[in-house]
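What follows is a pair of complexes built around chain A, which joins chain B in one and chain C in the other.
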Partner chain A sequence: MAQVLQALVTGLLTGSVYALLGAGFSLIWGVAHVINIVHPALAVGAAYAVYLLAARGVDPLASLAVVVPLFFLLGVGFYEGVIRPAARRGGDLVLVSMVLTFGLAAALENVLAAVWGPGPRVVNVAYTGRAVQLGVLALPITHLAGAGLATVTIAALYLFLHKTFPGKAVRAVWQNPEGAALCAINLRQVTSLTYGLAIASAGVAGVALALIYSFSPASHLMWLVFVFLVVIVGGVGSLVGVVVAGMLVGALTNLSTLVIPFAWAPFFLFASLGVLLLLRPTGLFRR
Partner chain B sequence: MLRVEGLYAAYGELEVLHGVSLTVEAGQFVSVIGPNGAGKTTLLRVLSGLHPTTRGAVVFDGEPITGFPPDLICERGFVHVPEGRLLFPGMSVREHLELGAYNRRARTHLREQMEHIFALFPILRQRHAQLAGTLSGGEQQMLAIARALMAKPLLLALDEPSLGLAPRMAAEIFAALRQLNHEGLTILLISQEVTQALLMAHRAYVLETGRVILDGPGPALLHNAQIVASYLGIAATS
Partner chain C sequence: MSRAVAAGLAVVLLIFPWVGTGEYPLALLYSTFMYVALAVAWNVIGGFAGYLSFGHAAFFGLGGYTTGFFLVRAGLSPFLTAPLGAAVAAAFAALAGYPCLRLRGPYFAVVTMILGLAVRAVVLNLPWTGAAEGLWMTLPPWEPIVARRAFYYAMLAVALVTVLAGRAVRLGKIGVGLEAIREDEEAAQSIGVPVVRLKMSALILSAGLTGLAGGIYAYDRSYIHPDFMFDLHLSVLAVLMALLGGRQSWAGPILGAVVVRLVDEALTVRVGTEAARIIFGLGLALVIVLLPDGVLPYLERLRWRAPRPPAAVPAAQARP
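Here is the complex of A and B:
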């Protein structure tokens, strides 16, 4: 029983990182109709930045001060310099962007591999390996820090989208771009802002995953699979849906490893996804 | 207020507006009528910047706005209530009104403008926390008009605001438009409710296959033999 509880809670903690990664991914998908394959690769890039800084004695949480503004600007530049020019050429943006961002992800993976080698890396900090004892539960401090980071970021995104004028403009463009344009909303500005925030959130997710997991240049592929899973289950267009789906996927992955070998966990997940899509083809939360 | 000169527009190779010209004076109620496919919706979409123009000029409030993007045109005060309303289904009534006042000119008057709109459409005050997707058709149309009014328009352009509504709801919408015009708002209305649209209009234009074929004071057009034959048919003979 203690074992099940432990698996469930750790699963929920790691699930919050899936949720954060899924939230940014679904924001870009919803607002800009771009399937941003490079999203998890950027998070892995952020994890390497954390690794670099940690080697110089900078705590992962302190590295946010560099990662967040840097990734925000990266997101804006990515939209203005890559996606927008591609969109202006015409053609099917979903398809074009998918190929384009897949290429960028492969390029980023190879750059990381060329510099640091293809092997896995671990960020070591003073509190690595220490845990907080809570009754029968042992909660690693790194997990708590990563999950806390993800939770705070998701909450901030939610408040931004629901309580501020620019955030409401983002949701308006998401739900009806022409209707938004007729409200004097500048679609380019809003899209640019969306990319900035989404990529910044991928940066935060990278910091969180550096705290919790080991990572290698190729890790982004597995993360991409999880992100797709989370967004499909949660439904594009629902931040709350994505968050619940992230927790669910995290918990299910961990619980399944209690009864089946770890290597089979993805199989179990995708079998569940198959059943879910048969029962609710639009995801759990699609409006 | 609005001067349109020789406006052309196309969808790909297919030209749908062939040199449309019309004028709306400040304070006027102007109607555009015409059969399906005449280019009425395209005309409004071109004017509000949603669709590109191939040739021609649009002058609004003394300045050319031809080729401007929709957000700038709205900010200038030409505000479009589109066909199909284009609301945000997952956002509340209040959020729609806030977004209507997104432009800088309107945002400073958000509170008082909202009160004004709740007085015009009291049902929206009751529904203020409800999501737009859960409103009835008539309420959604009111919300679309309310959202546009929040932008502090100099000219309100409406595309088929009574389409698909129950007659009583349609009458309520028309009454609201008449009241707004009496308060001094310039209105450009596209409607298939020919009798209503002409009765209210200081000036009306008849659009057919992308050209203006007839114009004049609305009530006068109501007695025009050509209009009676094409649009009013049985209603006029009975």
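Here is the complex of A and C:
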């Protein structure tokens, strides 16, 4: 029983980080209709930034002060410099954006590999390997810090989207771009802002993942799978759905390793996705 | 005219291995044939039907792994295992394709991409596929040039079969149905186009042809590993080649495949794999931004723009 509880809680903790990564991805998908394959690769980039700073004695949490503004600007620049010109040329935006952002992800992966080599890296901090004992549960501090970071960021994102005017503008564009434009909402500004926020959240997710996992230039592919799973299960267009799906995927991945042999865990995960698609092709929470 | 060109090209390609060029040009053409097969096969579902699959590496890898499995475990001849690989890939497409094809647009694209990564993850973890160690096959004790010739002809045959199949689909009744699905699926269904059957057939055919290429490729490499048999890069490459050449025609992807293969090879030879992938990734992004509809429609537009005088049709007549 303790084992199940332990797996469940660690699954939920890592699931919250998947949810954060999925939230930014889903924001870009919803608002700009772009499948941002480079999203998890940017998170890996942030993880390497943390690694670089940690080697100089900067705590991962403190490195957020650099990562968040940098990634916000990166997101705005990415939209204005790359996505917008591509979208204005016409063509099938799904196809164009997927191939385009895949190209950027492959380039980024290989830049990271050229600088740091293809092997995995670990961020070591003072509290790595230490755990908080909570009854029968042993919770690693790094997991708690990562999940805490994810929770705070998702909560901030939620409050921004629901309580502030620019946030409501983002949701308006998400639901109906023409209607929003008719209400004098500047689509370009709102989309720019969305990209900034989404990429900044990818940066935070990268910091959180660097705390929890080891990472290599190619790790973004695995994270991409989780992002996709979260967004497909949760549905595009619902932050709450993404959060629930993230927790679900995290918990399910962890719990499944208790019941079935480790080798079959991915098979189980994807087979359940197939069944879900048969029953509810548009995800659990799609409106 | 074009028939004569095709016949001439076929003769040149058939004779080419015997003109004494050495192994490298044969290897280069062999991989070009493979890319042609992948691009044309992808286009059957991605271009004709408009269902953008980003998971074709799954079919390619399944074809390759089936070949490896039966070769190593059952000692079957590779001439049998490659079609067997095609059959397994097609069967998998029939099974996994049904839930996937219920989705449209970005959802289909994303779910097929998951599918590709999922099959990789599963194969990487199962012991009887060699898992993370990969699978070794023993090639017959051929001389290098003999082996190159054999694989050259094998892949040429695969490319030819694929191109002919793609052409037959595009020009036949199925192609019309698939085009109707691409333009407006509800409307197609409402006038009696068997939408599900056509989509499934297109996907199964596309997957089978991709698996066939994978089977030959695996045998040639004689060592297979999920990292390159189920490489996401391969899935995107198939999309890119079809996109570059133009997705509406059966011949467009051939052009795209040849261009992509030659650029890829030139880059790899000149700057090494890692830098090549960086330049390739960025170049890919740039090309997509500049030519979202591919090269062929762009060239056609240029051709049409030149001879037409601007005021040839009076405005009043042009109105329907």
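Keep this in mind: the second predicted complex is superposed on the first by the 284 of 287 C-alpha atoms of A that agree within 3 Å, B and C clash if a C-alpha of one lies under 4 Å from a C-alpha of the other, contacts with A are read in each partner's own complex, and residues count from 1 in each chain.
One rule holds in what follows: a residue touches a chain if its C-beta (ideal position, glycine included) is under 8 Å from a C-beta of that chain, and two chains touch if they have at least 3 such contacts.
None of these values were measured; they are calculated from a predicted model.
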Contacts of A:46 with chain B and chain C, given as first, second, both or neither: neither
Partner chain in contact with A:17 - chain B first, chain C second, else both or neither: neither
Of chain C and chain B, partner touching more chain A residues: C
First, second, both or neither for A:265, with chain B first and chain C second: second
Touching partner for A:99 - first (chain B), second (chain C), both, neither: second
Which of chain B and chain C A:233 touches, first, second, both or neither: neither
Which of chain B and chain C A:278 touches, first, second, both or neither: second
Contact residues common to both interfaces of chain A (with chain B and with chain C): none
Complex contact set, residues of chain A against chain C: 29, 33, 35, 82, 85-86, 89-92, 94-96, 98-111, 113-114, 221, 224-225, 228-229, 231-232, 262-267, 269-270, 273-274, 277-278, 281-282
In the complex with chain B, residue positions of chain A that touch it: 165, 168-169, 171-172, 175-176, 178-187, 237, 287
Complex interface listing, chain B residues touching chain A: 48-50, 69-72, 74-75, 79-80, 82, 85-91, 95, 98-100, 102-103, 106-107, 133, 147-148, 151
Residues of chain C that touch chain A when the two form their complex: 52, 54, 96, 98-100, 102-103, 105-107, 109-111, 113-115, 117-118, 121-122, 125-127, 131, 232-233, 236, 239-240, 243, 274-275, 277-285, 288-290, 292-293
